[in-house]
């Protein structure tokens, strides 16, 4: 089946098998391996990407379901010059990661939160990230990372 | 995942034409959050998927006080939660949809798919079928039944109905519209769910070539609703018990109470016993507790799920107290 | 002043050491550039899939992979275990294929035909009386005269049953490799491994045993990033060898063979269970006098491991203990973060907590009173840590005798536990390279599990050279670099800090020698500080680092740092104390974590941030196995029912609703011991601390982990305050 998907601002067209999962499409055809495979059944959230701005778990989305959509992966968050997005900076600065495997999914889930709610409370941050599991960081620093990013975005907005 | 062909019709009639008269070869795809997982696990092995997300008429949501709320089957849970009319008039529905949360699931999952998702019974998900049979005998009674049914579990079905929305929809008197080759029919949500009694029978009153198109929820001003669920984890976990309550308060007493349990029986489980306990009484903690006890009085727990009786009782009690405390 | 040339600098002169340094692998991980094994896509790569056994115990009667081999797109297929093989657990590998894509490989696996003779199995061991001849004695020991101590009419005796089931590792990245042949006699593997330097010889030996000739020196293993290991990823494993064989059969093409999640949970990691009846006695003043335990557990078909009880308080004068190992068909055990310790900790600290309750003693006081029974080198540490934990948890404010008497269904309680671990640095080595342009590289065949190995290396080298941390280039995760041991048992930070220090000091001394003439002093009068090489105490006589390195001319400094080696840079044996603060809903049996306090010693800290991260991470893994995790086996079908992450439950962000409070013991009394590992210790205590807190809240012991509503309500039904 022919599909047309805009990934991180670049449109591509591919002929795919209907059973190809979006996560495999992104990782193997588009070469964007920052979207990770964890549980394979939509629990852990490591495969989270934004589809038309909404966070989805790409391990249980067929590539054909993404036909006509815009996808943002972790690779699409950084600026053209490699400048890290405030969320990416936050996860680094506040040690919101250890092994880092869950990190891209966490960041994209947090991205959806900040786009809907630029000033989230800690409780709102925790709620927004319920669909993402981490095995080794302890979550506390992840909450701080999102707070850091929200503050940074706010400061940037005021500055601009 | 086994190979399949994919169709994405733009009209309901076209979609129905693509569905055969027996289960198995074709599945209807909406959000896919449950179906795609089941296909990966080899639990569903369709040769064709019919995507109904391109059918515009299934993606409408309307509200009027006269007609109530009409939710197209492919409206996502997120769209439901974000709808102003739903927020204003159906707080119980909001609570139930919230309970189904993760954010990602709310974005992809549809209201129709939520009602028609398959049970989570781990024997079923490991390939032993809905009735969890091995050599003609159910694995559940002597097996790991800690998450199985405590009501309506005389067998051969022991799984629990997984829908978060069904109990509150039933409590609100909602109906579903089903479209098949011979036209449309309407069912109360309760009737959509059936307890299978033989191999091959599904847990929904839905023909293989029918599509659930719409959910209609009457508008009942003055009705207070609440949903309460208990689970091991805070989120991303199936409730061990849940209860949905809809009731009115008139002259200081309860009227027309509806109490529906979820996750405790192969179908959503209305409790006329609890409703009788509440009708015409002044709300109090003791009354809520009595209703909870009445709701589980007929429970027949299995070897490892006796604790769910207590949880169901508490879920009913807390849902009632929560409904009573709400305004409206 | 330092008395041995590699010694850690004195306090105040440690530069970045002990401060908070952002992890240097951060940018790669937050941007998606970090390539985990699962992310390795090589040109022409094939995808491997395995057929696994559906039976817990069976013999293979016949097997035919030829239909798979004929399937379009399949490039290789092989039998892993042939006719006659006895399979000991469901999920064991039987045959494999490699195909052009994953879906084709899956299709082909479905075409393989196998017939089995099904044999009797045992997959549940918690009831020892039903385990029959699967139960084998695994040690019995007597110290002093326990019978007499228990018979003492003055003794206060507490008896209890405690248990902790088999759990899995559940790394977010499953096990697996991408393996390719480079010509006829050379192999490259990308492996999700905690043991980069060790994989080549494992793979070489396994292939030679199959008459495939390859020298270890011609095998290269790379692992730059890994999505969790926790003790389950030391080996190339059978599926790694299979990937190499499939690749060979396919003319050397790379084969990616990652386990599916269900395979991973069924076969690629399990922690042995531990159940037991414990009897403990104390004199009326609370002094422990005797311990007796009869315990059992399963580690699958192999031995169960023998948790060291009584834990910590090993000098109880009268001890009897007996352990039984039950052989089951649940899949093999693997080292799980702090092997045997979490089990021993729960068994001991829960039993002691019950005894303290019986004595009507404050649990914290009871431990203080008996802490002299711990190994002498830890007594002082524990005393200080118990006090600190009491302070941070506001123990005196929130602790109460068993059973929260507050009205209502929410009961709050506090529980305490303590733990120990070795953590001496393993044997290993590195290259330190200083080039004439001033660039500095440290290379080692070690690995960074997310624990901060890269950052530790950079901090130590930078602090030794007086350079900023980002001036150090760290190259690890490739077996072509100097050998380093496996990252297990909290041995990596001790090793990496020591070999980096030794190699860097030697390199610096070579640089001093090259620079000394131009500064007109002896090499031993120089020091490296603030990016300059200067005469000690005289910054005016100095060269910038760059100018100093330019004096090397055409020469590049290359030293090798090793561990073990001269001077004591690390040691062994840490102590930690944890307090859990929980609220239990007695109507639903749900346990909510309010706070966890972790007070931890790890000797000299290299990077405070990564050290604290390890403790946070340990705490959350502890919460997972305390409240949720269990490998649920069905005895009839012999299979794991929850081989998915939906029902193999890990704590989410909402399940750690409360605050985690981490305090690292540092400064005099701690720092001079040098560096000691920290990976295992913080994961040991949560089970006992949380279980004790629940008992404190509801007034009754929930005998087994995980503390689910089912178990809590069952315990409450037998007693307690509700």
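All chains are identified by letter, namely A, B and C, in their written order; residue positions are counted from 1 within each chain.
Just so we're on the same page, a contact is a pair of C-beta atoms (placed from the backbone, for glycine too) under 8 Å apart; a residue touches a chain by one contact, two chains touch by 3 or more.
Since the structure is predicted, the reported quantities are computational estimates derived from the model, not experimental observations.
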Checklist outcome for this item: Closest to the centroid of all CA atoms, by its own CA mean, is chain C
Next on the checklist: Count the C-beta contact pairs for A-C and for A-B, then tell me which is higher.
Outcome noted: A-C
Next on the checklist: Centroid from C-alpha atoms only, then distance chain B to chain C, rounded to Å. What do you get?
Outcome noted: 41
Checklist entry - What whole-number Å value describes the gap between the mean CA coordinates of chain A and chain B? => result 30
Checklist entry - Which residues does chain B have that touch at least 2 chains other than itself? => result 1-3, 234-236
Checklist entry - For chain C, which residues are shared contacts with two or more other chains? => result 103, 644, 646, 652, 654, 657
Checklist entry - What parts of chain A, by residue number, touch at least two of the other chains? => result 17, 19, 40-41, 43, 127, 130, 132-133
Checklist entry - Which bits of chain B are touching chain A when the two form their complex? => result 1-6, 8, 29, 32-33, 36-37, 39-41, 49, 51, 53, 78, 101-105, 107-108, 234-236
Checklist outcome for this item: chain A contacts chain B in the complex at 1, 17-19, 21, 40-43, 45, 48, 51, 54-57, 60-62, 64-65, 67, 109, 112-113, 127-128, 130-133
Checklist entry - Inside the complex, what are the residues of chain C that reach chain B? => result 103, 106-107, 587-590, 627-628, 632, 634-637, 639, 641-642, 644, 646-647, 649, 651-652, 654-655, 657, 708-710, 713-714
Checklist entry - Can you name the residues of chain C that touch chain A in the complex? => result 22-23, 25-36, 38-39, 41, 101-103, 170-173, 225-228, 230, 258, 260-261, 449-452, 609-610, 612-614, 616-617, 619-621, 644-646, 650, 652-654, 656-657, 659-660
Item to check | Contact set on chain A toward chain C in their complex | outcome: 17, 19-20, 24, 27-28, 31-41, 43-44, 46, 73-75, 77-78, 82, 84, 87-89, 91-93, 95, 97-104, 107, 126-127, 129-130, 132-143
